[in-house]
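My structure is below; once you've seen it, I'll send some questions.
Chain naming follows the written order as A, B and C, and within any one chain the residues start at number 1.
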Amino acid sequence: MFKDMLGNVRKQCPIVHNITNYVTVNDCANILLATGASPIMADDINEVEEITSICSALNINIGTLNSNTIDAMYTAGRKAKELSHPVVLDPVGAGASTLRTATAAGLLRELQPTVVRGNISEIKALASGASGTKGVDADTCDKITLENIDSAVEFAKDFAARNNTVVAITGAIDIVADRKKAYCIFNGNAMMSSVTGTGCQLSAMTAAYIAANKDNILEATAASVCAMGVCGEIAYARLTKDDGNSSYRNYIIDAVYRLDGETLERYAKYEIK
Amino acid sequence: MFKDMLGNVRKQCPIVHNITNYVTVNDCANILLATGASPIMADDINEVEEITSICSALNINIGTLNSNTIDAMYTAGRKAKELSHPVVLDPVGAGASTLRTATAAGLLRELQPTVVRGNISEIKALASGASGTKGVDADTCDKITLENIDSAVEFAKDFAARNNTVVAITGAIDIVADRKKAYCIFNGNAMMSSVTGTGCQLSAMTAAYIAANKDNILEATAASVCAMGVCGEIAYARLTKDDGNSSYRNYIIDAVYRLDGETLERYAKYEIK
Amino acid sequence: MFKDMLGNVRKQCPIVHNITNYVTVNDCANILLATGASPIMADDINEVEEITSICSALNINIGTLNSNTIDAMYTAGRKAKELSHPVVLDPVGAGASTLRTATAAGLLRELQPTVVRGNISEIKALASGASGTKGVDADTCDKITLENIDSAVEFAKDFAARNNTVVAITGAIDIVADRKKAYCIFNGNAMMSSVTGTGCQLSAMTAAYIAANKDNILEATAASVCAMGVCGEIAYARLTKDDGNSSYRNYIIDAVYRLDGETLERYAKYEIK
């Protein structure tokens, strides 16, 4: 099934509108191209409605949130909803500042994004409205492990139900859940956290997957998360003794470019709860 | 002749002022360094006149057009014209939104850029003033092929004549034309369209080529377009079975860094029409 | 001693707040991760105080200075000083425009940064308040050589004394000085100047080093400069005949990721004056 989902991305080549941060934007564009989609980045309020209208999905990422673009995020988001385009929200650093927590919460409430993707600390900050995260990385104390996975699944399902969304909580173990069903995904490699923007890239790629699989949002999101994890594993296997996080970044995107449906199916490691 | 043009870039090390998008800006800086030029990025209206004054060329790219920087584009452009510095305009996504189409058209009209470089859909949008392009990529129906190349050449020459510019329309086949003469260039590799910003990089590099070859704008532009295509071929030949678009991006810039005049001459494939 | 300083970065994983340019920001984030720190980029005035409060150091870089973010730089800087967080100032292009020179001078005066890192032309522009640099690269006539090194050391110590800071002047030969003591560092490779942002990356990394070694700012800064130079050498040794500046960029960050304290100690080449 994941195989067909990747196939649909490649067949449909969805154009994805990104309003995103300036740190990882180039990698987001390249991973969208790698997966078979087409990126467009546009954040000026005077064009976001038109731009989102010619696209198939909208990816909103608050990684370098700027007061000037918040309105553009709402405006683009409303237009996307009006056109029934899927919307991904990546609440980067929610919990790290009032501006980020409030903006992410406001976008979540008003836009009801199709998918929300973040690390556990960001999603917890969104759920509680409280601050206190360790910058843009997840707090160690929040980490999802085999011991606390059941409560994490409950949390994810509850978050999804309350916000009428699919939530993708990513980390060493990933949970992708709607109100009823959760994929617990065990792909990936710890070294991915040493590459800036693997989360942002996943959010962008997820927008492409759900754009091409609109009737199957939960599974398409899980497929995208598995794809990123599998590519993280493939790329890791390619590292030489001299390679570090910069080459790893390139190899991950390369692996997304080379990924075929059979490989994705074969290496996807998940349980449904 | 192309050989000498690259040689002039390396000898003169022109500083190129870029007002460009935040998606591909790092690659633009690195390709300018690779080709022997020196990049400076500056888009604040309070400094663009001074910055452009210490440079040898100006490259304006509307890839993530922002209302705040439009004035800076005009201001820098006017100063560059006043100083007889060559100006490149890259109308990224012209046709995709009213803001982009109008801004590109306005810059074209007022600044009469030395070179306009875009894909066929962007140049058509500029020629007609009409919207309707597929995001930042060229529409398939606009594609230049061996069948329609003569009419594309006529279109390019007419565009150049009407706008008093040299136009570089790039894609599978590239056309570089002034009002009288056109280079049809057959270098490059289809995979270049899977790397974000190869067009932006080419525009930046072209600014360096024309800065160092001011008396020969048409040929310098053709040399730059051939150089990018040849480097796309060299980089493609280097790909291993694990490499994808991210490594390809690096290899293209690497090839520009390593390119010598003899290789450029030998592999440049073009016809003059 | 340098060994322990790198060890402290790896042990403490300091979060570094960066207000930086959009050209090299991704590389700054990846080099911070490579060295064992955690980056956060935030430049909106409505969140910079909160963000800097959860961080251990602040890195201010004016590479694409924008009027909107100047206030954010001052606001974040004042907060960081209030909390006794170390602050790095990278005056990119000081001397190239009035806006840059004045902003860098103002930040220097008001914030008294813990470390100022720039090329010799930028530091000279800051010292004199005068403009006239060659864009973002150092003027050849300013170059520090074995012949003029003693006067350069005097200049650096004087600059440090007048501005109550540690200054890192980087180039073919690097000088890291406080009012009394200077490290003259001979690591690095000339090809590093063909990679955009090696200076910006060094400034970001230095913020991590001084955050983790607050009682030893001069030595921590020298350790960071040596680390960058040593990694430039390691990366250079790795280049194949096809590699250029883009692969070199990746290899430098890779080398930072792989660098251990012993290697840093062994290959650091410096004299104390």
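As a convention for this text, a residue touches a chain if its C-beta (ideal position, glycine included) is under 8 Å from a C-beta of that chain, and two chains touch if they have at least 3 such contacts.
On a predicted model such as this, the values are computed, not experimentally measured, just so you know.
Undergrad: Pick same or different for copies subunit A and subunit B, depending on whether their interface residues overlap by over half.
TA: Subunit A vs subunit B: different; shared/all numbers falls short of half.
Undergrad: Between copies subunit A and subunit C, what's the superposition rotation on C-alpha atoms, in steps of 5 degrees?
TA: 120
Undergrad: Taking the mean of the CA coordinates per chain, how far is subunit A from subunit B in Å?
TA: The answer is 33 Å.
Undergrad: Hey, what residues on subunit B touch two or more of the other chains?
TA: 22, 26, 68, 249-250 - these are the residues of subunit B that touch more than one other chain.
Undergrad: Within the complex, which stretch of subunit B touches subunit C?
TA: Spelled out, the residues of subunit B in touch with subunit C are 15, 22, 25-26, 29-30, 33-34, 38-47, 50-51, 54-55, 68, 238, 249-258.
Undergrad: Tell me, which parts of subunit B touch subunit A in their complex?
TA: Residues 21-24, 26-27, 63-68, 93, 96-100, 131, 134-137, 194-197, 241-247, 249-250 of subunit B touch subunit A in their complex.
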